[in-house]
Structures are given as C-alpha cells and as structure tokens.
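Listed after this line are the structures, all set down as structure tokens.
In the two assemblies presented below, chain A is common to both, partnered first by chain B and then by chain C.
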Partner chain A sequence: MSEGAMASATRLTPDELHGWLAGMLGDKRVLAAVDEDGLRVFRSVERADQIALPTGKTRWSPKEFLFARTETLFAYSVAGNEVTLDGAPVESAEQVLVGVRPCDAAGFLRLDAIFLDGDADSLYASHRVRTTVVTVACDEAGPECFCTAVGGSPASDKGSDVHLTRVADGWLVRPVTAKGDRLTASLAGVGRAPSPEEHAEAETQSTRVAGHIRQSAIAREWAAILESRFHLPLWETLGRRCVGCGICTYVCPSCSCFDVTDTGSASCGERCRSWDSCTFAAFTRHASGHNPRATQAARYRQRVLHKFSYFPLGHDGESMCVGCGRCVQLCPVGLNVRETVQAVVAAAADGHDAGG
Partner chain B sequence: MFQQSQAAATTPAVAETATWQPQIVALICNWCTYAGADSAGTARRSYPASVRAVRVPCTGRVDPLLIVKAFEQGADGVLVSGCHPGDCHYVQGNMVARRRFTVFRALMDFLGLDNRRLHFAWISASEGAKWSRAVDEVTTAVRAAGPLRDWGRTGARRSAVRLPAVPAAPRSAPSADDQRAVGGHLQRLAATLLTEGRVSVVIGYTPGSLPAQMVPAFVTRPEDAPALGWSDRCVNNLSVYLPGAVRQWGKVALVAKRCDVNGVVGLLQESQIARDDVVVIGVACPGVQDDGGLALKCHACGGDAPPHADWTVTPGGAEPGAHPSGASGAVAADPRDALVTYLESLPAEDRWAYWQDQFSSCLRCYACRAVCPLCYCAVCVAEKNRPQWIPVNIEGKANMTWNIARALHLSGRCGGCDECARDCPADVRLDLLNHRLSREIEQRFGYRSGADPAVAPPLATFRPDDPQEFIR
Partner chain C sequence: MPSAFQPHLARIVSTRDETPDVRTLRLAFVEPDVARRFRWEPGQFAEFSVFGSGESVFTMANSPTRPEYLECTMRAVGKVSGAIRSLSVGQVLGVRGPYGNRFPVETWRGKDLVFVAGGIGMAALRSPLQFVLDNRADFGDVVLLNGARSVADLVYKDEMAAWQDGGVRVIRTVDPGGEATGWDGEVGLLPHVFERLALGPDGRIVIVCGPPIMLHFMFLALEKSGFTPEQVVTTMENKMKCGIGLCGRCTIGRVFVCRDGPVFTWAQVRAFPKDF
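On to the complex of A and B.
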C-alpha cells in the first residue's frame, strides 16, 4: 500500500462510520453480512441497526448479488396470435456491498474477467455497473485461509471501491475508485486525517494477519505443469473421496458456471439460468448417456485445473482461486484444493510423466 | 400438466376477487372414486366446482410428489381418494399408499402446512353421496384456510422462532490414549486384512488438512495402513462409499460407528451390496464432535459396539465378530426429540414460517444427497426432467419441492447419522426432519432403521390394520 494512497484515508469513529453507512439506506440497496441464527450471509438490510461490520467471513461469497442463483433471461406469453416477449427484468437501484473481505472482492475481479471480457454478459454487466464494493481488511485469518498463496492479501484493496481498515477505536476509510469517491462524498467534513500511529497500526495488522496464513505460494508457472499432468494417475487417488456435492462451487467467489432451463407451456413461460456445478455428474452427461467426465475424480480434477491451470493460462498466470478457503472448510470429506495442487506439482517434480 | 408459470399467472388473480374459489386438485383412483364421482354426476348431486380431478390407476400410484407438485403449481388444497382397504383393484395398492400418506401427512404437519389443505378419503364406486359430501367438506375447509400464497420463498430469514438450547454433552471427550489405541488396532487389522487378501481396500479415516480434522481414506496396500487413525472427529459416514467401492474393488472393509452401520444395513436391505462384499469393522465409538461440541446424535448413544460387525475394535483390541452389549446404554435423552417436540408445540403457522426460512437459504448444492448412504440412485428425482419434477431454479418453490422430496425419500430408510445436516452449508435442520419422520414410523409401524437387514423397509410393506384415522 503506497503512502500516497494512505494519505487520502479518513479516520472515522465507529459512530461516524455507522452514520455514513446508515445514510446509504433509502436511495440505495445496502447489502451487509447478517447473522441469521448462526448463519452469516450477505442480505439486503433495511434498518441501520442491521448494518454490522463483522469479523470473519460469510458462509458463502456475496457473488449472488452480481451473478444470481437463478435469474430470468426472458419470458414469453401467447394470447391468440399475439406473442409477447419480455427481456430480463431490469433492476436499476444502486447497490452497495458493505463489509466484503478482500478475497471476495478479488472474486468479483475473476467474475469480471469471465463475464465482461470479450462479449460482455449483459445481465452481469447491468448488475456490476450499479454495484459499489466496500471492503474491510481482515483482522483475523482462519486455518482454511490461503489468499496469500494465490497472490492476494488480507489487506488488499483489489476489486474494492472503498477500503476500510479497523484501527483502535475507529476505522480508516479510503476510496479506491471513482465509484468509491462518490460513495464517500458524504463524508466531507466528517472524521479526521489518520495519525501516523494509526497508519502504522494498519500496516502492523496487515502483516500480522498475513503472517497467520502460513501457506506456501502456488506459483504461476504451475499452471502449465498442472495442465501437462492431466493424465497423472494420482488424480484418481486425490479425487477418490469426493462425493460429488456442489458445496465448493456454490460457496466459491469465482465459480461461475450455470445451467439454462426453460419452463412453460403453450401460453407462457420463461428461460432462466441457475448456478450449476462441474462436480455434478449431470454437468457433462450427454443426451446419449455418455459422460466425458466419467468419474468423480475426473470432475474434481476439472474443478482444480479450471482454477489453477486453464484460467491462469488465459489470464497472465493469475489464479482463478482467490484463496478464501471456503471449499476447504466446508467440504464434507475434507478435500483441500491447495494440497491437491501441491501434490500434483510435487509428483511432477519427482519425475512422474504425464502418465497414460 | 406441470406448468409453473401458468399456475403462478392465474392463482393470484383469482385469489384477489371477492368470489374467490379455492383450487383443489383431487387425485382419484380409476376403479373406485372416479366411478363414485361419476355416479354422483349421474345422480345429479350438486357439489362445488372447485375440484380438478386427476384420474390415477390406483392410490398406490400416488407418489406424494404429485401432491407436492399440485401445491407448487398453485393448488390451495389437495384431496386424494381411492378404494376402501380390501377393495383395491390391485389387491394392496391402497394399503401401501396408506403408509406413504401417513408419513407424508406427518411431514406436512411438521412443516406447519395448514391441515385444512390436505385430505384423504376412501370412496367406492357406489358412494356418490360420500363423494359429493367429501368435496363439500374439503372445499369448506380449504376456503377457510384461504389462498395458499406462501409455498416457498427466497431471501432473508424472517421467522422469530429460535430452537431451544441443547443440554450439555452427557460425557467428556474420550482420552487421547484410548483414541490412539483404537487407531493402532485399526492399522494392524487393516494391514492384516489386506495382506491376507481378504479385502482389496479398507475405507477408514486419516488426518485431514485442518486442525484435528479426520477425513475419509482408502487404503489398498498393507504398507499404507499406518495412514489410518481414529479420533472423535471421525464424523463421516463412510458407508456412503460402499456401493461404488464394491463395484471398483470387490471386497471392501469399512470402518463404521454404531450409527454408520445403519447405512450398511440399509444398503443390504435394499440389495445395493451383498453381505459377502463387505467386512464391517465396527468401532465402539464414544461419540463424535462437530462444530457445536458432541454431535446431537451421540447424546443418547451409549457408545456400544456396533451390531452386524465382522470385527469389533475397542481401545482394548480388535476382536472378530460383533459384540454389542445389548444394554440400551442410553446415557441421556436424545436432544433431537426435545427439538422436534418444541417445534411441534408451536402454532402451525409459526412452524410453517420456520421451515420456509430454513428452505429459503438452501443453495441446492445437493450435499445432503451426496453424503447420504441411502441416496444411491443412479438418477436422482432432481435430475429427472420429463417432466421436471424438481425445478432447476434455486428459489423458494423449487427449494420446498426438493427438501420435501428428499425427506420423504429417506423416510423409513434414514439411519439417523445426521451427515446431511452436518454438511449443509445453509444449516438447514435436515436432522430434525429426518428425526421427526423416523419417530412417526417407529410409533406407527413399530419399525427402527438399521435393526435387521432381512426385514422389508416399512414403506415397502403394510399391515391390513395399519392406522388410518386421518382418512375420511
């Protein structure tokens, strides 16, 4: 973090911060992490007292506000000889995601690369343009976290519009983008410039939390190694215990696959897209019954290679995985993508060739 | 038949008018009730025009999912009617159906569906008067219940219902020495079984990548047996791997806790594996820890050695055979009973709100299905798309249909390992749904899962005198 960037930060008291966030209610849709009987997820909040800046991450990433679990692509209705076609419902309300972890913000950048590069996905683009992201630097890391191994950092402002850092008795608020400037415009005259001690505290926190994540780096050049070891028999051993649920892909900040389905009758209906998962057997099952990814281990390999090989090879080596660790934490059978990658690369280094 | 948007488009408009007429779907059997309705017509009996009759060959054909679909598509009430017991054209179809309806009704009641919306009747071909009376009464009841507008929803949880706190664990964690001893015995036994060629793979547990985590392990060579271990974090029910492992390897040895053995028994009962395929290594398990401490399923389990085992492993050693003490060994009440009872004590509308909340968060990742040993179908109903039984959309209505279908498909089969609930990323209390239905089946049909591989599952059989007080 450069000194210049830090210079534009404002130090707010918790009350001032709360006032700023509460001021967004009304004209904007405010999405914040809410604890629902032990389940912490991002929800649309209506009241100021619902806005909290929690520590720890939400159970799943907030990607659903850019890439919904299910959304309508178009709808049709037929009356007599008249066919009416309605496009996707257009939402125009500005939305602010408050309290996003750096890993989840990095996830948004991955989704941008997937949905916006080349011919942009118009639905995703329409959600993205009206979304402002307020990130919070992590003040703790879980045993599953490994953002630092994939080029991230618990204090990163990548993908952020406004970046917050917790300091003793207050918060440092720093706009990162033009969107962030607009969102923080209401802070004119509020708060004060951070003291050198507070700058130092933020730096210390960043170093401390990053230090807790003791996971060795996943090197960029591994993308090619992994791809060349597609046929390594080790994949079968590594993926053997995968039971084929979709938890890892649905809680993932960067998984973006969907299924398109039509429901309807002769008189009306709609086409929707819904999240889908490469870990499901039906994901690649052909109408003939043939499945090119015949085993669960092959499906697990697909997920690992997409994150750590196929995507990076097309994106300057950048990992699609952002290291949030949710898939590691929530996998029913304790699969760990980071360890899988390391095991395959280690096998490659041991001289195992591409196999059969 | 199942056109979601069509029903959605018509129901609210109809409901809004002052002359709202309930839409009731009647699933009626071809041989008795359909003819009975016909005779009511021939006799010029009048009854409300609120019923849409769907003729089925037999009530035995009525998968409860048909009823669920009717509600999902906008019905305000459902009536199922067929031949009286003893009069079934197919001899016993209605008596098999009766058990299914018993369980379905218990589930819908537990979910908090207004019981004025769901009706069952036996109406014979000669009972035109009973048909018109039944339609009259059902229409009155559904009209009193009003339009069904909240079948499934999406978004933030709204219900104020909070489950009561669970009593403290009745025992402390087992000693590290005991756990290490069990792990050592498992390693030696696995090495022996593999060396002697009695099995091709041993499925057990090995340390995972997170602190204290234990994860499933497949050991195929004796020299890899030292990877196996044991602790109170061996949460997985490894019997989920059995059918696939038998196909891949032939003879399989499986490390199983008391609750996991229920899964093995279920697979045997349903002919998914043969007894000779599997060597069950039963571990006398003093309980496993999940995130909240001792798992709820373990409170009432005395840690007895599993039945149906080929080997029994305790801290003292590994012995051939099963050695359950037979003593109940129950050390505390099952907290799931108290939680189910609490939910049952609430007004139905509060229960309904609670479960609507629960299902609203469901991501449809199908982890509940993936970790369940009894969810072995090659093609799950969720993947059947002609018609689309479970809508693909990840939203309220579809989540309702999926969660109801899952609970029903496991009723009378679930062994209570609670893996589905432990793994659910949305914390949906699937354990309580399963537990409620297991209780119903035990009370009604005197059946407990996992007891005897030779006994037919309760919903695959019937007794002529099964209770039917809910059928008019």
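On to the complex of A and C.
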C-alpha cells in the first residue's frame, strides 16, 4: 500500500508544513490535537498556529468525527393521525484530521470493518468519505502503549491518507492514498526530496519507539483459546472489580456499540443514535427484566472477548484492540485488558493458574 | 437516501386484545409502494416504533402468504410496547425491516411438525404456523401445543378453531392452578404435556418458542424423547437496537441474534456460550 508512495515523500521545513496546513483551512474543516485546559483533545481549528502536532496522544480517540457521540437519524413531527419524517441532512463538508496517532488510525480501520460491512451504514459511510486522515508517526511511547503487541507499530501508516514523520528541523510528508495525493497536491514545488540521512533517521526513530513498548505480543492464536475459556472462574475474580463506568468504551478507538433513542415529545423531536457501552447493565436488559449479562463480571468478559476473541475470529485474526492503552491508563479500578488476556490464556482450562 | 434507521410509516387498521396485557395490531403501510415492496419470511422480525418513545423489536405475527396486512402481537411490558398499546386505530407507527433469518420451512416438507409455544412465544410461531396451514398438503401430521400460565393468558383464542379445521391438531394447556371453570384443555407444564403426547422423533421437526425457563425444560424433555438437537428449531430474543448487526447488544459470543438469527437449531443454541 505504501511501498510505491515511499518515493514520493517530501521533506518540509516547519514553516512549509504550516503553510500547507494553513492552505487547508480555507475550504475544509480542520481538526487537530490541541491542549485545552490541560487536556489534549481533537478540536476544530481556525489558524495554522493552533496546529502544534504535539507528541503523545489525545485523551480520547478522534473516532467521534466518524461516529459521533450523538447523531440525529431523522426528525419526526406528529399531527393527529399524520406523521412526517425528515431525514437528517447528509453532511458533505470535507474534514481533515491532523495529527492522528497510528493506533487511532488503526481504530478507524476497525470501525470500517464494523460499519461498512454488509448492510453499509450510510451515516458512517458519509462521514468516512468526507474525511482525510493525516497521521503522525510517534516519536515517543507512553507507559500505557502496547500497539506492537496487537500488530500495530508507532510508525504505521495503516488507516492513514497522509503520513508525517518528524525529523531534525523538519517533517517528512508522504501521501498514502488517493485522498492523500489530493491533499498534498498543493505541495507541488514545495520542499525537497528527503536525504538518505533523513530516511535513516525516520527508520531509527521507528525502531527506537517500538523498542520502548515492552509489552509481549498478544498472539493471533489466542482468539480461539480465549473463546474456549468463557466459563473460566478467573473472569469473576477479574471482572468483579469493574464498576461499569464505561470509560474504557468511551475512550476506545474501536468501541462502536450504540443506542437508538428518541429525544423530544410525542408531537415533535428527533431519533438519535448515541454511544453506548457493553459495561452498562441496561445494555442487554430485556423489557421483562431478564438480563443475559446479569453481572458486572459477565459484562467485563464480554468487552475483553469482543476485542480479543469474537472480532478477531471473524476478521482474519486481527485484534479489535489497537493497543492505545487508554482504557488501561484511565480505568478507575486499575483493570488492564492486556494483563487480563494474558492471565486468561495462561490459566489452565480448569480455571487454575497453570504458569505459577 | 434515507438511512437504514428511518422507518416506513404504517397505520393501525385494527387492534385485538388477546389477554389483559397482550394486543395484536393489524397494520397497513401508508405508502402504497412500500406496501407492495415490504415482503417477509416466517420468523423474520422488524423494529416497530412510536415517535417520541422509541423502537422495539417484534416478530411479524402473520405469514407472508397473507400479505394484505402486517400483524404484530405484543405484550405491554416496556416503554415502547406500552406506548404502542396506547395508540388507537388510525394512528401511525414506524416499521423498519424485515430483519433476520427465517424458519427453514422448505426443509420441513413431508415431515411431521410439532409447534410448542409458551405464553407470548406463540406470537413468534403464528407466522410459520399460518404458512403451514396455507401450504397444508406439503406437510405431514401437524400438532400445536400451546401453553400459558392461565386460561386468561392464552393468545389467539379466536383462531384455534380455524387452525383445527385447517388440519392442525391443537392442544392447549395451562399451568396447574391456571384453569378456569369450563376449561376443557390440558392442565400441566408444556414439557410434561409434551411427554404425555408420546410423539416420537421419527420424521418429526419440533419448533419451540417460549421463556428461557420453559425452553430449558422443554429441551430436556425432547432429549429424553429421543429428539436430536438438529430436529429442534427455536427463535431467540435478545435486546436489540439496530436490527442489522451493528449496535452490539444482541450478541451471544460471536453470534448476532439479529443478523445470524433469530432462528437457530437447538444444536446451534447448545454450542453458544451461556450468555443469554
């Protein structure tokens, strides 16, 4: 995918990079990682100097620009026995996400696998088609990072349209897709070809950052092992700590479960879809009161198995987890999905710890 | 193009109260074009909605061989079903679908059939039962075993005589203590009544729907009677929001009940993780 485009990388100075980014602001919505009250988040920016391309990742993933926290499906109005429905206007304004981390771009590919499979989700598809993703190779790894354990890499361009790599005194800019070619068309005549030293520097950085992520791999074969360990008593031990706050699902780049609800009155309002969480008791509770996942441990098991077993078994072994580590970092009770997976795999099938 | 979540509009043509809390709605699509295009198979379901209250999943209760209307039987237990119950004839609700797989009726040709329905589970079996009635010559001996807690809780009371006349042996039962004066049906739990009927497994398919506890004991009874898990078909229900395999809440392990079901053989159900 990226081999052919490799030759077309351009080396820009910081000023040239900002000139390129400033050029997008005229006709596109540009969303970039910004620091806001001590929190790093993706925000719509108006000026190129707001785009700092900071190291490290945002507090939560930028998935909300493809799969909104809440989105109107249609508006309804009821007058007597007549009902009128108005479909939500399809947003078509182009948007560019600047400074997306490889883990978050990998998350977009997971969302694609879910929402663009079979009965394509036209809302998601409409946001996907109008979005161009500019990724930045990581120049540092956080203690929570484990992308390399789930098939990712801090320099990966998977899910990217234009890939940036920081080098001494400048940037390497490389279009990855046709969308990326269009976004970088304005760079014709700008910058220069990277030197062999700069290519080597990018390579060294990639190796160095990957080396900082010292988490052992979550093997593809574990997906089937995990599924066979559904009844392991260890799930109860691990899962009973979960308080069901849902933070892991909200910050996750690939969590995509949603609710469909009406807001408004019986005479007018909107039907919306909103983020939901498999860690909530009400998620699966029937109207009768019966709940198939009656305990918090059962709900924690569902989240872990969906990421590391059910999804991979249906997607050529690819983990649904992209290893950003946010859920590990932000869990208020210290649950760690990576360690959970390892513990469940290490446990013997009878539920007792095999490894000692 | 409207999103997959935008429903068709359907008007309530008539309602019939089956029990104190179960009602059958007969619906006609507002748009004639939708009425022509909307086709379903026995066992499929749809999302029914009241604007301002939300959506809920119910099985199409009538057979595609009777396509003039869409019928739906629901118990008013939740927010949406309660709101649907409060609607009157002439009012409009939303319908999107049909969704899910279907009963494999073509594989039942020439076989003897037993429909076993507990409580509101009868609503999910009415469509395949009507399909069998409308193609009666294609099937062997057909028995309907329908049970409820009490006589008052039995649904489709007015239709049983016509089903009997159409060539279905109808056996109704109520739980002990649920009988009323003049009750001429059976008294006893469905698995017990099934065993008393002594219907052998040879050339027979059993179609079962009911609450989880009934299913559990029904499958034990079927096993005892020599039925294989492949001979038994059921339809499952789980909380659903999207109906199209996206929202993530109806899953049992890798299976999406909405997309891969709701119809499963007992052999499939036995292989599921115990997450339902």
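Definition applied: the second predicted complex is superposed on the first by the 335 of 356 C-alpha atoms of A that agree within 3 Å, B and C clash if a C-alpha of one lies under 4 Å from a C-alpha of the other, contacts with A are read in each partner's own complex, and residues count from 1 in each chain.
Heads up, the rule we're going with is that a contact is a pair of C-beta atoms (placed from the backbone, for glycine too) under 8 Å apart; a residue touches a chain by one contact, two chains touch by 3 or more.
Keep in mind it's a predicted model, so treat the numbers as computed, not measured.
Q: Quick check for you: in the superposed arrangement, does A:Ala294 touch first (chain B), second (chain C), both or neither?
A: The answer is neither, since A:Ala294 touches no partner chain.
Q: Please indicate which partner A:Asp259 is in contact with in the superposed arrangement: first for chain B, second for chain C, both, or neither.
A: both
Q: I'd like to know which partner A:Phe74 touches here: chain B for first, chain C for second, both or neither.
A: second
Q: Under the stated touch criterion, which partner chain does A:Ala346 make contact with: chain B (first), chain C (second), both, or neither?
A: Neither partner.
Q: What is the contact status of A:Leu39 with respect to chain B (first) and chain C (second): first, second, both, or neither?
A: first
Q: Contacts for A:Val243 in the overlay, against chain B (first) and chain C (second): which applies, first, second, both or neither?
A: first
Q: Once the shared chain is lined up, is A:Gly269 touching chain B (first), chain C (second), both, or neither of them?
A: A:Gly269 sits against chain B and chain C alike.
Q: With the two structures laid over each other on chain A, which partner does A:Leu116 touch: chain B (first), chain C (second), both, or neither?
A: Neither partner.
Q: With both complexes superposed on chain A, which partner does A:Cys278 reach: first (chain B), second (chain C), both or neither?
A: second
Q: Under the contact definition given at the top, report the residues of chain A touching chain B in one complex and chain C in the other.
A: In the superposed arrangement, which is not itself an observed complex, chain A uses residues 259, 261, 264-265, 267, 269 for both chain B and chain C.
Q: List the residues on chain A that touch chain C in their complex, please.
A: It is residues 73-74, 76, 78, 81-83, 85, 87-88, 114-115, 117-119, 121-123, 227, 230-231, 256-262, 264-267, 269, 271, 273, 276, 278, 283-288, 290, 292-293, 298, 302, 305-306, 310, 313-314 of chain A that touch chain C.
Q: Quick one: which bits of chain B touch chain A in the complex? Just the residue numbers, please.
A: Result: residues 3-6, 9, 155-157, 162, 208-211, 213-218, 236, 240-241, 361, 363-367, 369-371, 383, 388, 391-395, 419, 422-423, 425-427 of chain B touch chain A.
Q: Can you tell me which positions in chain C touch chain A when the two form their complex?
A: 1-7, 9, 11, 49-56, 77-81, 90-92, 94, 212, 237-239, 241-242, 244-254, 259, 273-276
Q: Residues of chain A touching chain B in their complex?
A: For chain A paired with chain B, touching residues are 34, 36-39, 41, 43-44, 59-60, 69-70, 75, 143-144, 237, 240-241, 243-247, 249-251, 259, 261, 263-265, 267-270, 272, 274-275, 277, 280, 282, 328-330, 332-336, 338-339.
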